[in-house]
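Next, two complexes with chain A in common: one pairs it with chain B, the other with chain C.
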Partner chain A sequence: MSDDTVDLREFLSGFVAEADDHLRSCRSALVALDRVAGRPEPNAVRQMYRSLHTVKGLAAMVGVQAVVDLAHRLETVVRTADQVGGALAPEAIDPLMRGLSGLELRVQAVARGEEVPEAPARLMSELEHLEPSVGPREVQQDLRLFLPPELARKLTGAERAQIAEAARTGRRVLRVDFVPTPARAAAGVNITAVREALARVGELVRVLPRSVPASEDAPGGLSFALLFVTDLSDEEIARRTSFGSDAVIEPLVELDAPVGSRAAEPEARADEGDMGRGVVRVDVERLNAAMQSLSSLVVTRFKLSRAIAALEASGVDVRELRVVNDEHTRQLRAMRESILHLRMVPVAELLERIPLIVRALRSATGKAVQVHVEGARAELDKSVAEKVFPALVHLVRNAVDHGIEPPEVRRALGKPPEGALRITVAEPAGDRLSIGVSDDGAGIDASAVARRTGRPVPADDRGLLELLALPGLSTRDEATHTSGRGMGLDIVQRIVTRELGGELSLRNEPGAGTSFTMSIPLTVSIVDSLSFECGEQVLVAPLGNIEEVVDASELRVAETPGSSRMKGQRIIERRGEVAPFFSLGEVLGFDARDEGKAVLVRRDGTSYAFAVDRVLGRQEVVVRPLLDPLVQVVGLTGSTDLGDGRPTLVLDLAALGDDLERSWPSLRP
Partner chain B sequence: MAISPTVNDLHVLFRVGEGEYALPAAEVLVMESYAGATRVPGVEPWVVGIVQIRGEVVPVVDLRRRFGLDGAELDGDRRVLVVRQGERSVGLLVDRAREVLSIGPDHLREPPEAVAQGTERMIRSVATVGDRLLMLIDTARVIGAVERRDAGEMGRGVDGD
Partner chain C sequence: MGSASVGDGLTKVLVVDDSAVMREMVVACLRGLPEADFEHAASGLEAIERLSLSPYDLVVLDLNMPDIGGYEVLEFVRGQDQLRELPILVVTTRGDEASRERALEAGASRFMTKPFSPEQIQEEARSLLGGSEDPVASAGEAGTGGGSGP
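Right after this comes the complex of A and B.
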């Protein structure tokens, strides 16, 4: 394949994206097959077969032999299952799963431009032995393919079988030739696009590249023959795809009774604009670049607004400018919405790997676990999804490793021998989504955790979570069933709170189970914020949990008596609720001036008030997380540039209030 | 990789107080004049805050404070050297940095053990070049070995302990 001098880079990225899709589809099929434990599930088998087959074809196109070999072995196993009515032997699940991981690994290597490792020899032979000694049914010999012999030779037995089967059942087997040219490439018509278009109207059997004499029509000296199976007529195919006049659709198979009609020349001429309809795959890097440009635009807008304000202050009539600027602001917001939307991926994508992870844990721990996933409809920003995934995996591992008891223990406790792991995705509330991971296992022994950490026994679940998230806990962990839950929780905590600005909470019921909930923002990077002054510094806080801003003089403030351990604290009463009232300047160590305003913050039903000097206004800011350990402080989300080229701190006032209150615990009933 | 052995010997020289220090030039990403930092509450006293340099936001370690030289006079030409340490980029606030000098391995000597200990091993080696005595700093030691900030750090002003 590689003798064809063609630049493969064009479709390498297409290969990776499409192979990923098919591998994902394989995984979900395999999970379904695992669930039915050897009973027939023809759809899943068929789905897996097709996907593996496509992956193999794609890999052959880009010349990744290791993927071709491995996919072929897997495909053979699945095809056998297909031939016996769609039942997959339970002992085949494990090797197939490892095979899928192997494929995934290699596709990723391709994506990164790295050397692709050979197909794993041991697994290959294991898979081979899964194949029954009887080979697949012989393909009808009388199948006549309208295909030049050098191409026909490249078809595998399985592909011939697929073609024969399709022809036998009265489906149409067609061939489309595609010749890449610079003009077509410029119009977005490349092999990937053609393949995708055909996949929409039928099942692609094989894409065969071949060398042709270089000519005006084929400047690259390369042509592709795409073989596919469909039920549609030529007209219908032409309508649903849109090839240039040069894509000739030809029947590929002739049986005794010719299949389909050899229409003179299909009217495969429609406007090329149709080509891109459906799904466009975009490298996330490109989205990031778009986001970056948008971020700079947001900063530029601040500068513009400031310039207008300065003009106005000097007495210039800026009404018209303001109108334009407001419109600009609205447009930017709309654009931001669209870009953010482009970056959203379904949460379901995150969750579909979980059953496989649990499966692996199940065989490692000997525990029986049933996974329930509920309400996975929401969508998340790609970068958030990528960040939160390892945290989710940690929680799932912990639940199976340490939460759920071995079957014999569960039986003795009167629980069903099979543990239940529940992953619950709540409907997004505002810009936040919560993902819960709960089990019906042993729960956490708080006093054991306290002993281990050398701290007092926590009074509540929040205190317990704090202990569990201590960085040292995991290293001392011996994976005992009751107190080993600290494993990796510091990592989960860091991802959820520090990197994503979300929250992690715990509900622990000893004996009955544990439930962790991650509340995470749907998107990161640009947030609606309030900017205000405190002492000499301008600060910014996301509007998300700011309830209101009032004149401090309007508040009813009382001071609690101090004690030997701590000084008195101001509290306010607002709408029948008591909340602590902190001086932000004092908290941050900035010299506050008049503290004329109070910012009221609420999160999870708890409210706090902070005195600040002056409120500057509301604006969208691009938040950059501050990840360096030197500047990791509770209550600090990151920094932003308000247009002056200097970083401005972005605070999480709710987290700050929460943290402050913990050092002053007796306030609330 | 190595273009010539001397490239690796290049060092950026800078002053902090009365002392003259050096850093491998390969570790230094950028050098900028210092025009103040955004203060960050609740951090080590020797972290003066964050600055934005060429689009990147980095914490700045004031080497005077880090080395306990608070009292020394300032001459108004302070600079930030942004150094790369693994995945981290951190700014080092120094008094003056104007010179790049090649210091070969044969010029380097281990600091006396007492000095090494007394400086928390922030001085990696000592070099004599002509009549100058230069101290090579260990960037990882200077900016690293920081414990994760404990909860409640920022609220310290309130509980009054």
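Right after this comes the complex of A and C.
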């Protein structure tokens, strides 16, 4: 009892993490409410109300008054909507959105340990005077429910309306009973798991606890009735919930078509992974610390390998040591994967914000835009996600701002007045993920871009992208409200290629739309690499785009005929392809010695070859980005420590080759 | 007496709140209770399930939760014979008089509003647990009463 002093401010980081979650769920609820334009969406309203209430309570506990006040205003608005059946007036969406952004900003300030400012008085007063309700809705009263009256009485008007609406539109309204027992609880089959399982197969309307006589079957004297709406058959529900075929599924509303029901307890089995899954929230700082320790382990491992190699060179039998070392290597790799996995966040989280951003753009530009998000199941490292998000927002803004035409123009062109913005996340291929942003707008006028940049009209989309990514380019005369001056593609390009080591590509169809694709690594930091010597220097390059390493003597090297522009560049021909062959030492200004090996790299179907002196081997390296913006050199992605305490440069050979080739634009046939 | 139902001498406390951080805060505040063992419930449903399956000495209950809130938990619990005397401390952000009355009417033993200080909640918890622990003060004490003086 001596350590009675508890400082609740210790829970600030927990508050930030939880508030983030709640605000995110508010945002998606608000998007759903925006989509239904004033029609009731009771679940979304209730979810938002509860989240705001929780944020308010937590903020009060940790003493962040500005968040308490703003959350309270928002909560009051949403609670009114909840009380009148879960419909939100379309006029309320914008102020609520600004309120949510205000909360987000303040929670971020808490996260950074900054002073949290009061919410702007204008916002507070606007929220106070908001009339959120659409007016009382008529509730169908003649609903006949197969439910004991003492349970039926507990349903609210909104819940009855939800059930009536579902029945009217021919959906199935069902009831599942669940009786908790100690045995089921021990197997992980509890009300939480059952509830989650049912929420996966339909919309839960309500869960009602009820007293039953205590018996052997119901030792707690408790049974839950779960009421839900679904479109699935009983078999399908049983299959997807793993309740087994003997779950009690009963129709709740009198329907025309008889619905089969079975009699038995829902013998739900604990389905590994899905049901009763525990989630632990971890501060990113702690993960970073774990990653840091892992990084030092990787370095130590490399030292160990070198010591073993030295022993072997001096004639010692190191077979046993090697076995242990190999095992150690595998274990480290497994550990690295688990830690990396902890840092992964669903791409869906990134994409959730997009509809709201587009919504704001719509009102700013007067354009009509429909957002389609496809295939967002992949996961990304948190740090990558944070970096790529601004690039994604840039592309989305550009699409709405510059791509999609105003409705009247679209109509005149015979296009649907509402533009389509499509965000496509492809299944990850290897350690890369591609995110596409495309629109069905006007496309890009290549000759206009060429005029503005004072360069020749590009021959293809790749050339066009190069021009677009020139700093400060604008294809419009006036700075637009939303994108500012210029398209900011130089920023997108920088984030995607320099900061993340990914690729940006463009497909432009004048009159029909533009499509940008960002291909980015799922994780950064530790990379499987090849180390080699060049001159006196040890260098490292990620294995990702290294195709092969060959003896230089195997290559058929030729020189381009003596055109003055190409300065007799060496080329090689391999498997019917021609690739430029660079001396890495020469390129980097080191004194190369024998250049006995050639490293072949390929990206986007284009290959390059680099001569190096000696290959040292492959290993995992921890790449530290070069933080100094002045030291941003094309082809150089960072530095690493191979265990000797000295920084070793990490090269992106493909980017280097690409850059070098630009000096010889017509090198390839 | 609702308490002393747990055989091993530990005071079993069920902390019910849908916010994990809030539950952690409550537990941190109540760490000073002697021999206390804490269990968490993240929803009203989970609370009802746990309470019907095993005995507890004290419940710290939030009002605002998904599916079924604190009022419903109270109503259900007080409708079960074996749980009628269980000490329940309601802890909520709803500080208004109507919420307080409604919670006490539904069966809350005590009512506290957030934010609270560690000392405040400890004091409430001690006084709720105190009755059966101290044989001297074993005189009939009402559920909502606070008179612990001899």
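Just so it is clear, the second predicted complex is superposed on the first by the 495 of 669 C-alpha atoms of A that agree within 3 Å, B and C clash if a C-alpha of one lies under 4 Å from a C-alpha of the other, contacts with A are read in each partner's own complex, and residues count from 1 in each chain.
One rule holds in what follows: contacts are C-beta pairs under 8 Å (C-beta built on N, C-alpha and C of every residue); 3 or more make two chains touch, one makes a residue touch a chain.
No experiment lies behind these values; they were computed from the predicted model shown.
Asks: First (chain B), second (chain C), both or neither: which does A:H394 touch?
Replies: neither
Asks: Contact-wise, after the overlay, does A:V207 reach chain B, chain C, both or neither (first, second, both, neither)?
Replies: Second partner only, chain C.
Asks: With the two complexes superposed on chain A, say which partner A:R602 touches: chain B (first), chain C (second), both, or neither.
Replies: It touches nothing on chain B or chain C.
Asks: A:E466 contacts which: chain B (first), chain C (second), both, neither?
Replies: After superposition on chain A, A:E466 lies in contact with chain B alone.
Asks: A:G221 in the overlay: touching chain B, chain C, both, or neither? Say first, second, both or neither.
Replies: After superposition on chain A, A:G221 lies in contact with chain C alone.
Asks: For A:L58, select first, second, both or neither according to whether it touches chain B, chain C, the two together, or no partner.
Replies: The second partner, chain C, only.
Asks: Once chain A of both complexes is superposed, is A:L649 in touch with chain B (first), chain C (second), both, or neither?
Replies: first
Asks: What does chain A use to touch chain C in their complex?
Replies: So the residues of chain A in touch with chain C come to 1, 3-6, 8, 10-11, 14-15, 17-18, 47, 50, 53-54, 56-58, 60-61, 63, 180-182, 185, 190-192, 195, 204, 206-209, 211, 219-222, 224, 281.
Asks: Give every residue of chain C touching chain A within the complex, in rising order.
Replies: Interface residues on chain C, with respect to chain A: 18-22, 24-25, 28-29, 31-32, 34, 42-43, 45-46, 48-49, 52-54, 62, 64-68, 72, 76, 79-80, 92-93, 114-116, 118-119, 122.
Asks: In their shared complex, at which residues does chain A touch chain B?
Replies: Residue list for chain A touching chain B: 466, 471, 537, 562, 565-567, 569, 582, 586-590, 624, 626, 628-636, 639, 641, 645-649, 656, 659-660, 662-664.
Asks: Quick one: in the complex, what on chain B touches chain A?
Replies: Chain B reaches chain A through residues 36, 38-44, 47, 50-52, 57-59, 61, 88-90, 143, 146, 148-149, 151-155, 157-161.
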